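Each of the two complexes below includes chain A, the first together with chain B, the second together with chain C.
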Partner chain A sequence: MIQNNPIGRIIAHIILIIGILIVAFPIYYTFVASTQTLQDIIRPPLSLLPGGHFWENYSSALFGGISKIGGVGVDRLLLNTLVMALGIAIGKIIISILSAYAIVFFRFPGRMFFFWFIFITLMLPVEVRILPTYKIMVDLGLIDTYTGLILPLMASATATLLFRQFFMTIPGELVEAARVDGAGPWRFFKDILLPLSKTNIAALFVILFIYGWTQYLWPLLMTNRNDMATIVIGLRKMIDFTDANTQWHLVMVTCILAIVPPILVVVLMQRWFVRGLVETEK
Partner chain B sequence: MASSTRVTFPNKFLPYLLLAPQLAITAIFFYWPASQAIQQSVLREDPFGLSTQFVGLGNFKRVLNDPNYLNSLQVTVIFSIATALIAMAFALLLAVMADKVIRGKGVYRTLLIWPYAVAPAIAGMLWLFLFNPSMGTLAYLLRSTGYNWDPLLNSDQAMLLVVAAASWKQISYNFLFFVAGLQAIPKSLIEAAAIDGAGEMKRFWTIVFPLLAPTTFFLLVVNTVYAFFDTFGIIHAVTGGGPGKATETLVYKVYNDGFVNLILGDSAAQSVILMVIVIAMTAVQFRYVERKVHYG
Partner chain C sequence: MASVELTDVRKVYGSSVEAVKGVNISIHDGALCVLVGPSGCGKSTLLRMIAGLESITDGTVKIDTTVVNNLGPAERDIAMVFQNYALYPHMKVYDNMAYGLRNRGMPKQEIDKRVRDAAQILELTQLLERRPKELSGGQRQRVAMGRAIVRSPKVFLFDEPLSNLDAKLRGQMRVEIKNLQRQLGVTSVYVTHDQLEAMTLADILVVMNGGVVEQIGAPLDIYEKPASTFVASFIGAPPMNLVPVTADGSGLVLKDGTRIGAQGLAVPASGAIIGFRPEDLEVSAGTNTHVGGLALDLKVLGVEPVGAESYVYGIIGGERVVVRVAGRSTSQTDDHLRVIVPKEKLHLFNDAGKRI
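Then we have the complex of A and B:
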């Protein structure tokens, strides 16, 4: 009944389209800039249609090396970022599912202590303990290594909490049945728990992948060498408004290349991502 | 926890083995640095690292009396409130509209969620490309109308720019939660109000908005945490805390004092203050979660 309001619906469509234009415009503008020559970019206003230098700009950024960051190519930056994002996502899922499994399906002395030991780290981001963590990384010799980029960002309890909540919904009869049939803890984990957790793992993977890909402060501190930088850090190093030699066309290309992979992950895995987001956070 | 009734595996050794990786990482990369931050925060070290002395709460006292710190606290509060309000209001408007349309819901959602995947620092750069006075097209248009636009010199304009970038990035997140919240509101309630003659605006403010309160409150906490901590990249990439100290947020100051100015004691004291802030926000959020469990 109240749905039957065509004018209201048209207004809703118009507002949504304006919203999408606002949301998409900065990305579109950067894409357009990434297909123009340097001369066109530094002389505003920029045309609102893509230029003809797509292949030229993209191949020189990807494989030509960028002088501003010591000749490192964007392909290398993408590889570093991919390793970091995958490392954080996969590593965190593995350690979290194991510890959640221990906490929910076993009874042992110190269980609640360990639960709180992990749980307290829930919301304390790396940003609030940067200096001491950095010192520890220096002491351990982990500067400019993938290990240094990945491990400290795995230390948080969000994923553990999610798996714990999910495991608690698994009926005890299932465990009992498995035990009656002679399945040990490993068989139960592999043949029952893992298949049941597939959706949660997929959702968590998307969220953690994005989390890893978009890190800024930590890779800024952890990497001195240009060939170990992530793409966001490399991009930051390429931008200099006071330097007339800044290769803006390559900056724009790098920017687009930094945005596209995580956007693809979010859009293609939208179903799990939305579910995971709304459920993880609650 | 419903622990007493749970069926479990009898095993003395295995659970410790399963917990070991996470415990090790948590201990090395969380408890160790956190305890060092607390230790460092009560020590005073000279800039060359030659001598340290115990100063008790001296660092905290100095930090909390430092006009620069109070300035950055104020900057953070303004920045967070502005970012949270803009990001949430815009997302709520879009979510209400998306709830109304019948066709194309999925398409709209797909087109609205991508900023979530954009790194905060890159969100800042995108806005900087548009609005920097030397080559940004929108800055060019603004200036050609005679408006004196220069976010690199004018502190209000710099703040405006980082708030715009930070809220732009957060719209998709809020949108998804508002859509989920709106879907949970029974349509019959809204129809009943419509039959009683309540107009669209009235229905929104008297029924929809109050019923969305849990979602709104949850998002308020999340957005504040986001504006406090995750926006370091935006500040660092766009303004570098400037002009002057007009956009220097608390996290940026911790970084700046610790890594650029090398005042370790002050930086550690600021870290500890930040930890207290996060723990307080977490506690607030948990109260909310608990409420939701009771009434929802």
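Then we have the complex of A and C:
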């Protein structure tokens, strides 16, 4: 803070607290609702304190099977989403770090062509190429499979460009020192490039995990079977047009369960994530 | 232990940019060869060609008895110290030094012994568990040297290793490098643009300019007998004074028309350049001429006292010159001084800048 007088500080804190309340209250309210019975939720006003049905609601949502989505439990949805988010995040990182490595450190015919080719794909987000991609997936028989969910979202120009920018800041002398030290391309990648990139990898992992976790359109197209749906799709299917038909207490539970993993990833990787965004270890 | 032999080495970038134009250097076993020259003279390119980091367009590089043209840097048995040290930032000092050995599949105990020995020599033992960013510039420099030493290679290559250090540390490290090289007796090639560094370190001094070797020799030989006006002005600080003259029937004529006695100097008809070191001038009180010397009139432009000596800047025959005077100079701006260059201290170059 620039000035350090107590009144200014109090005002600043009040504003911050109001901001946090505005953001956090709906989430808290969702949590409260997830611990009430359906009758309590439908009959307003809803209590501001958590009710007594926490275990009951959560265990029936997680392991009981929800009739609205064909008796599949939220545990299955969580597993599907986790596989998809991890697959996208890890797959993207592997593919983009390798392609950036090739583009920055090797001289081969068509290097710039491939670079621009990757670059151009930035202009073709999932939504634009969704129909041809869908056709291909159908032809390959990948509907309702993890491969079908993950593969088309894995190629990433953004991550490739990010790694390329980072690799270009690595001094040429370091590369040469490694060559003199007898490190071949693979050793250089494994012993030097990868350790130096770990903050970038961590930052990307967080962003990409959340990107994968919140995917809606692609899983909506790719999955027909209820037991292959992701949690966001499941959530959508659980909400009926007629209010009374919706099991709101279970919807609320699913909401909370859908929020927890991304929060965990951010909190656990926060240290790396922040460091990756603000400083590059030179 | 090895000799290094460069024969007609050329480097052409693209199709036309010739960075190194046919260089021949022979470095005997255990010698420290310094390549010196202004930036862009091709000295670093030459070093990188010896290292194998740059391909060789033409000619051969021989280390010991092997032509290494087509060998990779790791197969040439060389070690290199880089200008920015190029330490691996994520590795501890120990691992930085051990990395090259591990890649060669050396047994662990042998690596440990070598790293600890090198650390001992370089006084790095306390720092082995640190990371490069926790070290000072001088310490990083030492680690870079350590990384070269542990390999016990045939040849050390230094690429301006001291240019990132402050002046005091540079002087100190210069002495250390010299001692270390003596002690280990490893043939070394050292690139610098600092003529002082070159003079003090070299067994063999190679002065380069525009991709060609201007002169090769022992540092003091080069200082005393520069082969060209380029070498004369590059080696020595302040540089040698160079005054163009032409000859006519009765004597020598300076640029501004001043006539001076020929003093038996054989100046070709096309004109010449006479050179003299700032410290070789004698300031004479009267008008008497030194026997066998060249007497010149100097108009003082300014005086720079640097402590133990003073530099008197002035003009002789329309050319700027500098005179080094012991102690303090009493000269004032616009004074006229009579200076005498003893004949044996005179250097004569032809109009193309080559020594006569």
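Keep in mind that, in the parts below, the second predicted complex is superposed on the first by the 262 of 282 C-alpha atoms of A that agree within 3 Å, B and C clash if a C-alpha of one lies under 4 Å from a C-alpha of the other, contacts with A are read in each partner's own complex, and residues count from 1 in each chain.
Please note the rule applied: a contact is a pair of C-beta atoms (placed from the backbone, for glycine too) under 8 Å apart; a residue touches a chain by one contact, two chains touch by 3 or more.
Keep in mind that what you see is a predicted model, and the values were worked out from it rather than measured.
*Asks:* In the superposed model built on chain A, check whether chain B and chain C fit or clash.
*Replies:* fit
*Asks:* Please state, to the nearest 10 degrees, the angle that the Cα centres of chain B and chain C subtend at the Cα centre of chain A after superposition.
*Replies:* Once the two structures are overlaid, it is 90 degrees.
*Asks:* Based on the superposed arrangement, let me know which partner A:Ser96 touches: chain B (first), chain C (second), both, or neither?
*Replies:* So A:Ser96 only meets chain B here.
*Asks:* One more residue to check, A:Phe63. First (chain B), second (chain C), both or neither?
*Replies:* It touches nothing on chain B or chain C.
*Asks:* If we overlay the two complexes on their shared chain A, which of chain B and chain C does A:Trp116 touch? Say first, second, both or neither.
*Replies:* In the superposed model, A:Trp116 contacts neither chain B nor chain C.
*Asks:* Between chain B (first) and chain C (second), which does A:Arg179 come into contact with in this model arrangement: first, second, both, or neither?
*Replies:* A:Arg179 contacts both chain B and chain C.
*Asks:* So, does A:Leu46 touch the first partner chain B, the second partner chain C, both, or neither?
*Replies:* In the superposed model, A:Leu46 contacts chain B only, not chain C.
*Asks:* Between chain B and chain C, pick out the one touching the greater number of residues of chain A.
*Replies:* Higher number of touched chain A residues: B.
*Asks:* In whole Å, what is the nearest CA distance you get between chain B and chain C after the fit?
*Replies:* 7
*Asks:* Residues of chain A that sit at the chain B interface in one complex and at the chain C interface in the other, please.
*Replies:* 173, 176, 179, 281-282
*Asks:* Residue numbers of chain C touching chain A in their complex, please.
*Replies:* 51-53, 72-74, 78-80, 82-90, 99-100, 103-104, 133, 147
*Asks:* Report the residues of chain A in contact with chain B in the complex, numbered from low to high.
*Replies:* Touching chain B from chain A are residues 1-3, 8-9, 11-13, 15-16, 19-20, 22-24, 26-27, 29-30, 33, 41-46, 94-96, 98-99, 101-108, 111, 114, 117-118, 121-125, 127-136, 151-152, 154-156, 160, 168, 172-173, 175-176, 179, 184-185, 188, 210, 213-217, 220-221, 232, 235-236, 239, 241, 248, 252, 255, 258-259, 262-263, 265-267, 270, 273-274, 277-278, 281-282.
*Asks:* Quick check: in the complex, which residue numbers of chain B touch chain A?
*Replies:* 1-2, 5-9, 11-12, 14-16, 18-19, 21-23, 25-26, 28-30, 32-34, 36-37, 40, 90, 93-94, 97-98, 100-102, 104, 108-123, 125-127, 129-130, 132, 134-137, 139-141, 152, 168, 171-173, 176-177, 180, 190-191, 194-195, 200, 218, 222, 225, 229-230, 232-233, 236-237, 251, 254-255, 258-259, 264, 267-268, 271, 274-275, 278-279, 281-282, 285, 289, 292
*Asks:* Inside the complex, what are the residues of chain A that reach chain C?
*Replies:* Checking each residue of chain A against chain C gives 171, 173-174, 176-183, 187, 191-192, 195-196, 281-282.
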